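Note that the chains are named A, B, C and D in the order they appear, and that numbering of residues resets to 1 at the start of each chain.
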Amino acid sequence: MTTVAYIGLGAMGLPLAMHLVRKGFDVIAYDIDPTRADEIVALGGRKAGSVAEAARDVEVVITCLPATPHVEAVVLGPDGALAQMKPGTLLLDMSTIDANGTDRVARACAEKGVAFVDSPIGRLVLHAERGESLFMVGASDEDFARVEPLLNAMGKDIMRCGGQGMGSRMKLVNNFLLLTIAEVSAEAVALGTRLGLDIETILKVTGSTTAQNGQLHTLMVNKVLKGDTTPGFTIDLAFKDMTLAMTAAAEYRMGLPVGAAAHAVYGGARAMPEFAKKDYSALLEWACRNAAVETPRTS
Amino acid sequence: MTTVAYIGLGAMGLPLAMHLVRKGFDVIAYDIDPTRADEIVALGGRKAGSVAEAARDVEVVITCLPATPHVEAVVLGPDGALAQMKPGTLLLDMSTIDANGTDRVARACAEKGVAFVDSPIGRLVLHAERGESLFMVGASDEDFARVEPLLNAMGKDIMRCGGQGMGSRMKLVNNFLLLTIAEVSAEAVALGTRLGLDIETILKVTGSTTAQNGQLHTLMVNKVLKGDTTPGFTIDLAFKDMTLAMTAAAEYRMGLPVGAAAHAVYGGARAMPEFAKKDYSALLEWACRNAAVETPRTS
Amino acid sequence: MTTVAYIGLGAMGLPLAMHLVRKGFDVIAYDIDPTRADEIVALGGRKAGSVAEAARDVEVVITCLPATPHVEAVVLGPDGALAQMKPGTLLLDMSTIDANGTDRVARACAEKGVAFVDSPIGRLVLHAERGESLFMVGASDEDFARVEPLLNAMGKDIMRCGGQGMGSRMKLVNNFLLLTIAEVSAEAVALGTRLGLDIETILKVTGSTTAQNGQLHTLMVNKVLKGDTTPGFTIDLAFKDMTLAMTAAAEYRMGLPVGAAAHAVYGGARAMPEFAKKDYSALLEWACRNAAVETPRTS
Amino acid sequence: MTTVAYIGLGAMGLPLAMHLVRKGFDVIAYDIDPTRADEIVALGGRKAGSVAEAARDVEVVITCLPATPHVEAVVLGPDGALAQMKPGTLLLDMSTIDANGTDRVARACAEKGVAFVDSPIGRLVLHAERGESLFMVGASDEDFARVEPLLNAMGKDIMRCGGQGMGSRMKLVNNFLLLTIAEVSAEAVALGTRLGLDIETILKVTGSTTAQNGQLHTLMVNKVLKGDTTPGFTIDLAFKDMTLAMTAAAEYRMGLPVGAAAHAVYGGARAMPEFAKKDYSALLEWACRNAAVETPRTS
C-alpha cells in the first residue's frame, strides 16, 4: 500500500486522513497543532513532529491547508515538504488556493521531478466525515492514475477537470457561483419579507420554478432559516474565496460586474465583528438588517 | 358552469383560455388581434368584439396582459371591463405587473363591489400549453374558493401566497431571484471558460454542489448552451421584471446591491439591438463577449 | 410688465417668486399651503385661492413643484392650469421631473397652442435666496426670448441646453453626476479614515490633484464634515433624482453600472429612518458607519 | 551636499532625478535599461551598473518603481539595495505600491537601522518635468527633516500625511477617488449624449454646479474630449491602483460598493486589448460604446 504523508488536519483534512488510515494506507500525519494527529494514531496511523519528517520517506504527500501562503510555506519553504521529496514521488494539494499559487507549486515540483496534482474539496465537513466529498482534480492521465485510489478512499465523486491547475480553477468558479447566489438569495428573501410574504410561501414558490437553487433550498433552509449561523463556512472564508475569483478575473482580464457587487457585500458584512465569524448563510441576516426587517425563520 | 370572459390571448393567455373551454367553462374571449380568438371559437367558445362586450354578462373576468398600463387601461379605462362588471362578480388578473398597479386595480374593484384576485403565472409557455403552469395566488379565502376550479382547469400548481396583492408580489420576488441568478451563472461560466475549463466540467461540478441552480442547469443547458437564443423570455422583458423589483425595493425603502448590479447588466445588454430581443439566457453570450471568449456550447 | 402666475412656493419657489415681485412683475401666487403666499402679498404681489384662479388671466404660468405627478396634476388635471391658459400664453416649468413627464406636458401645451419651456433650477436654496440660481433651459429661440427677462430677474446663470425638454434632461444628468460623486467621496473618505489618515490630510491632498470635486471640497466641507446634516437636499430627494437617471437610462437603453451601485446605496441608506431625512452629504456618516469608523469632523 | 542613489528612471523617475542633479545633489542613477541614465550623466550625474553599486556608498537611496514586487525585489532581494545600505542611511520610496508592501519594506529597513520614508508622487509626468509634482509623505519628524531638501528640489507641494506608511495610504485613497470619479463622469457624459445633450452644454452646466470635478473638467477636456487617448496613465495602471484600494479595503474589513462597481468596469474595459493600453480617460469611449452612441468631442 502507498505510503502517504498527510499535512494539515483541519476540519476537512482530519476526516479525510482518517478515511485513508481506515482503508489501509500507511499514513504519517502532521498538523501545527500536534494534538490533531492523535486520532490518526488511535486508528493505527503515525504522527510526525515536523513537515520535513512527514514528507521524508513517503511516496505521496497530501496537503490540505487554509490559504495560498500556508501552502507555499509548507511546500516550498526551507524546511518544507518539497526539499525532502525524492524525484518520482507525488504531491497532492487539496487546499483551496489561488490558481497562480497552484501554478507556482506545480512548477517547483516539476523542477524537482516530483509529480503534482491539485484536487480541492467540494461539499461540507459533514460530507467529508461520511466519505461523500467531491474532488475537483487537475492532473495528467498518468498522475491521475496514481492518486485515484487515494481519492476513492477519501470521497465519492471524483471529477476530473483537466490538466494540472484545473482543479484549483474549477473550485474557484464553483465557489464564486454558489457564494454569489447565496447573496442573491439573501436579497430576494429580504425583499419578499419586506413585501409581506411569509418564508414558507417564498420557499415553496421559488423551489417550484427555475429560481430553485442549492443555496436557498439546501443551505439556507438548514442553517440561517432555522436560526443556526454557527459556521460551516465563515463569511471571512467566503470573502477569501470571492477574492480568489476577483483576482483570477483581473489576471485573465475580465470584469465580473455582479460578482464585484457581491464581493463588496461580503466585504461590508465582515466589517462587522459579529458577522465575520458567522456562517455565510448569515448573509440573510445581513440583508434583512439592512432592509430593516426581521430575519424570517421557518417554523 | 361559471361564465368567464378571457381578455388577452397572448403566448400565455391563449393556451390557458383553451384549457378552460376544453374543461367545459363557458368562455367569451377577446384580444386586440381579433384572429387570436379563432382557436377559442374552434373549440366551442365565443368571441367578443370589445373588452366591454366580453365583460358585460359574465361571472368572472380574467385578464392576462403584458404590463401595468395595459391592465389599467383594460380594467379601469372608460370602455374597460370594470365599468361593465356587476357587484358580486370577480376579476382575476393573471398579468405580471407592479404591486402598486395590482393594489390600484384591487381598490377600484372594491369600490364597485367586485371581488379581486391576482394570480400571475409561473413557468414557461410550454408548461402553459401542457396545463402544467404554476399560479401564485393573492386572494381571501372566500375569493380563492371561487377561482380555484378555474385555476385547476388551467394549471397544476396552485400556490396561495397570502391576501390580495401577494400573488403579484411573489411573482416579482421569484423573477428577481431567477433573473439575477441567470446573470450570476453567466458570469461564472464566462469566468470558467476564460480560465480554460470546458463546459461539461463546469456543468458537472456545479451541478453536484450547492452551486446547482435552475438557471444554469435547467434553462441554460436547454437554450443558450445548445446555441438556441430564440425567446422564450426576452432580455427586454427580463429587464422589465428586474425593474419591477427595483421599483418595489425603492417603494419599500431598501437597497438591493447585487440586484442593482444585475439590473444594470440587463440594461446594458439591451442597449445592443441584437441582444434586446434574444432569450435572456443569451446573457451568457453577453458575458462571454465582454470577457473576449467564445460562448461555450455543449456537444 | 408681464403678468405671471407662480404655482408652488416651496423652499426654491418662494424666493424665486419674491425676486419677480421685487423686480416689478405682476405676480399672482399659489401654494397648497395658503400661508406660503403671505410673503408675496407683503411685497406687493397677489394671492390666488386655486391653481385655476392663478392661471386664468396671466401671460406666463410658472410651476415649481416636487415631482412628476404633482406637475401633471397641477398642469393637466381637470382643475389644472392648462385648462385656463389661452393660446399664445406660456408655461415655464422649473420643477425637476422625469424627461417623459416634461415631454407629456410639452405635448399637451402644444395641442392648446400654449408655449412651453422647461427650466429646472441648479444650486441650493441659499443661492435661490441671493438671486444666484443657475437655470438649465430647454426652449426654442422664440420662447427663450419670452422667458429670458423672467429668468434674469430670478437668477444669475441662464444656461440654454437645447430645445424643449433639454433643460429637464440636463438637470437629470447634472444631478446624477454630483450625487454619484457624493457617494464616491464618502467611500474614499471612509477608506482613508479606516487607513488612519486624518481628514485635513485627505482634504488637502485630494483638493490639490484631479481628485478635486465640488461634492467633497464644497458641499461636504460645509455640511457633514462640520457635523451639520440638516437638509439641504435630503437622501430621499437624492434617491428620487438618482431614480430619474436610472429610468432615463432604461428608456434610452443603456446601463449605468457604477450609477446603479450608487442608486442602491442611496436606496439602502434611506431604509434607515434616521438617514432618509438627512442631508445627502450624510452619506459620509453612512459609509463610515458601514466601515465601523467614526465619521471624521474638521476642527 | 547629500549623496543620493536614484533607482528607477521611468517616466516619473527620470525627470525627478534630473531635478536633483540640476540642484546640485551628487546623484548616482540606475535603471534596468542602462540608456535611461545617459541624461543624468549628461547633466553631470553618475551612472551605476547595478542596484548594489548604486546603493553602496550613499546617504539616501531613492526608489521609483512600477509596483510592489519590483520594490521588494530591488530593496529586499539578495542583490538589493538594503543589503548595501549602512545603518543611519535612509531609503525614500516614491513608488505607488500597496500599503502592506510599504509596511514590509519599512520593517526590513528598521531591522537594519536604516531610516524609511514613503513618498508617492501626485500629478502627471508633465508636472514632474516642470518641478511641479506633489508628494504625499509618510515620515517621522526626524526623517522628514532629512528628505525635505530633496523633495523641495524635485517638486512643489510637499504634503505630510502622517508617519511611515501614510504617504502610501494617502496615494491609494487619492487615486481611488479620482479613478472612480473618472468612471462616474464617463457614465454621466454618455447618458447626457444619449439623451441628446451636446458636450459643450454638459461641460458648461456641470462645471457651474457642485458636479464640477477635476476628472471631467481638467483631465477629460484635455484628453479624450479632444480625441487624445494616448497615455498618460493607462487603463491597466488605473486598474492596478483600483485593485490596491480594493485590497486595502479588504484588509481593513470594509466594503466599497460603488468602488467595487468601478473596479469591475476597469476590469471589463481592459479585457479589450484596444482599451487596456489607452489613457484611462478613454473610459468615456468605453461608456459611449456600451451606450451605442458616438463619443462626443469638443470642437
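Just so we're on the same page, contacts are C-beta pairs under 8 Å (C-beta built on N, C-alpha and C of every residue); 3 or more make two chains touch, one makes a residue touch a chain.
Just so we're on the same page, UniProt names per chain: A, B, C, D = 3-hydroxyisobutyrate dehydrogenase.
None of the values given here were measured: they were computed from a predicted structure.
Interface of chain A with chain D: the two copies contact each other largely through the same residue positions, with over half of all numbers used appearing on both sides.
The chain with its Cα centroid farthest from the Cα centroid of chain D is B.
Chain copies chain B and chain C are related through a rotation whose angle, from the C-alpha fit, is 180° to the nearest 5. Across the two interfaces under comparison, B-D and A-B, the one joined by more C-beta contacts turns out to be A-B.
The geometric centre of chain A is 37 Å away from that of chain D, both derived from CA atoms.
With centres defined as mean CA coordinates, chain D is found 52 Å away from chain B. If you average the Cα atoms of chain A and of chain B, the two centres end up 38 Å apart.
Touching of two or more other chains is recorded for residues 249, 253-257, 259-261, 264-265, 268, 271, 290-292 of chain B. If you check the complex, the residues on chain C that touch chain B are 239, 243, 246, 249-250, 253-257, 259-261, 263-271, 276.
Those residues of chain D that touch chain C in the complex are listed here as 99, 122-123, 134, 136, 157, 159-162, 166, 169-170, 172-178, 180-181, 183-185, 187-188, 190-192, 194-198, 201-202, 204-206, 208-216, 218-219, 245, 248-249, 252-262, 264-265, 290-292.
Residues 257, 261, 268, 271-273, 290-292 of chain D are the ones touching chain B in the complex.
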